[in-house]
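The following block contains the structure, expressed as structure tokens.
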């Protein structure tokens, strides 16, 4: 008796359409139908185009900041594992500071903090880069990239440290150069090890995307806010936003699962 | 060059601005910090409560309960915290007061503190459920079976065997959740709750010393994280007593 | 002896109970973002300003026990409808759009025209032509935003919306936007600060649009909350008649902000 209760939790068949699931799905559909019927959706056509633009911007910022973040995370992780102290210490400090403070604060520090310093340095406004600096999105990209680098740098540190030393020694024994060892053995193995965690970090990054709306970047969340401000409809745009983010998260998880499945695992 | 860089900071007088008594805004920052801590602790505690229930429900509950919990953890973890906070922050007082209204009671005042704790606690609960579920699964099943064989009641089994045995596996995840909880309190700035980030912004807006105040708030958050880390290290050491030490590089 | 003390306690309890019952508790919602000189947080953590003093005067006139409740500006109407607060007194203009969702008291001050401010070196007219290709900053959910998108929407390069006027001003100082559009009192306040004097000037008042310009600023209430509305209206009349209104106004402004 005891045996069956302890194991039933893990050995239950998954993804079977049992009777109670059909009921649950029916309840879910009924809830969605009530929401669609009873809540106010008349604003939807007016904001459709804006919402698509916001969605596109959200996805674009996610891709760009994740790419930059990961490119920074590899050296950050490497520096902490094998770097000399004058490299590993700043790298560690950077990761600690980024991970130890709220992203919202980092964002506001960069946007409003730097903005408050501009009037003191007139030459910034005369420089060629001013048209870039005066917009909001470079600050959003910078803050989110640094944040991503901080979190993923920590992940990569663990992943680099986790590659067995024997593998690296074997590669060296084959006469590979240090760079080649890194490129052919160390990095691929570390990424493979870290992939599930990186997927999680990317989902977290996606979920912090709405914060950019607080520094006047018009993303998907900002569009939902605008609907609320224009029409005073509170819950409907937020619910739709939640559904949109759930879909994005689903797509992201699917992509990462696909990626993981493509890496062959050899069992020796 | 350095002189001109430091000029805007020196002009305003960093220490005067951050002084804890009225002409300085340090007192406001500290009050915000205490509010943040209160929300963070409340949300973490609520999250633990939901998490413990959720983990047990997911492992030992009936089929319907398990599916419902799965929906809860999946939904909460897929939607941005800011959106959830906004939804819950407005919805919780609304639902409570509408229910009271229909039952014929006077509406009550749901303070920002309570709504904030509810919002962040529900988010924390979803993550805590997963952390604790994993930790319970990591306990060697033989230990639990042995407990049952000794005729322990389910509560005694939980108190004596499952909880202490799963603690070493749960602490890293829970520690991470605590740090997330403290940082997520910043999101309540967006709904107008006077926690550290909003206090900072108000102080910065009034004095125009944006850089100084955001830096100061950053230092406060960072100190909280670093002190928490020391404390977490101690707790982990205590929870792992009697277990073999973990190798440094995994 | 024991009985006596019990009776006094009961009496004291009854006394406080009647006291509480006399003054009705009302939660007054104000914007959590500073809006000087109407409401802002000072270094000791207290809310101060013209509107805060006015709330005090109105509440004591109407014999209401008021609790000031800061809420984020863009969530202030949802907070009212979800009964988190009972009345909004946060420089909210009486507009048609808002009237669809909430009710208003009589106006308690007027701040209905709009002016444009910009960097002092840059010439610009507060017209569609004069603002061509410029980036304009406005506070979100205000008539200024509606006015800007209706009249200047086609010629401006961009309208940037901010949670508070203060942030818009900050970005004007930083040079991230070319102009801000807001009510004369708000702009005047900003241009009088050291920062405002150093960077920017008033560029003129925009053309009148009776469709958008509000009859004034009133207290926002839930629709159907007539009892509270009547009390507040009577209190506004009362403090104006008794001179309390002018006394408070003199402390902050050198002109009458009630308007005609």
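First chain written, first letter: the chains are A, B and C, and each begins at residue 1.
Please note the rule applied: a contact is a pair of C-beta atoms (placed from the backbone, for glycine too) under 8 Å apart; a residue touches a chain by one contact, two chains touch by 3 or more.
Small disclaimer: the values here were computed from a predicted structure and weren't measured.
Ranking every chain by how far its Cα centroid lies from the centroid of chain B, the top place goes to C. Looking at which two chains touch through the most C-beta pairs, you get A-B.
Relative to the whole-protein C-alpha centroid, the nearest chain centroid is that of B.
The mean-CA centres of chain B and chain C are about 34 angstrom from one another, to the nearest whole unit. Chain A and chain B have centres, each the mean of its CA atoms, that are 20 Å apart. As a whole-number value, the distance joining the C-alpha centres of chain A and chain C reads 38 Å. Shared interface positions of chain A, i.e. residues touching 2 or more other chains, are given as 112, 115-116, 214, 234. Residues of chain C found to touch two or more other chains are 78, 82, 167, 170.
Across the assembly, chain B contributes residues 86, 90-91, 190, 208, 210 that each touch 2 or more other chains. Chain C meets chain A in the complex at residues 74, 77-78, 81-82, 97-98, 100-101, 140-141, 160-163, 167, 170-171, 173-176, 198-199. In the complex of the two chains, the chain B residues touching chain C come out as 22-25, 27-28, 31, 86, 89-91, 93-94, 97, 107, 109-110, 190-194, 198, 202-203, 205-206, 208, 210.
Across the complex, chain B is touched by residues 2-3, 5-7, 9-10, 18, 20-21, 24, 96-97, 99-106, 108-109, 112-117, 120-121, 158, 161-162, 203, 206-211, 214, 221, 234-235, 238-239, 241-242, 245-246, 249-250 of chain A. Residues 112, 115-116, 118-119, 125, 130, 134-136, 214, 216, 225-226, 228-230, 232, 234 of chain A are the ones that touch chain C when the two sit in their complex.
Chain B meets chain A in the complex at residues 4, 7-8, 59-60, 63-64, 67-68, 71, 75, 77-84, 86-87, 90-91, 137, 141, 144-145, 148-149, 179, 183-187, 189-190, 197, 200-201, 204, 208-211, 214-215, 217-218, 221-222, 224-226, 249-250.
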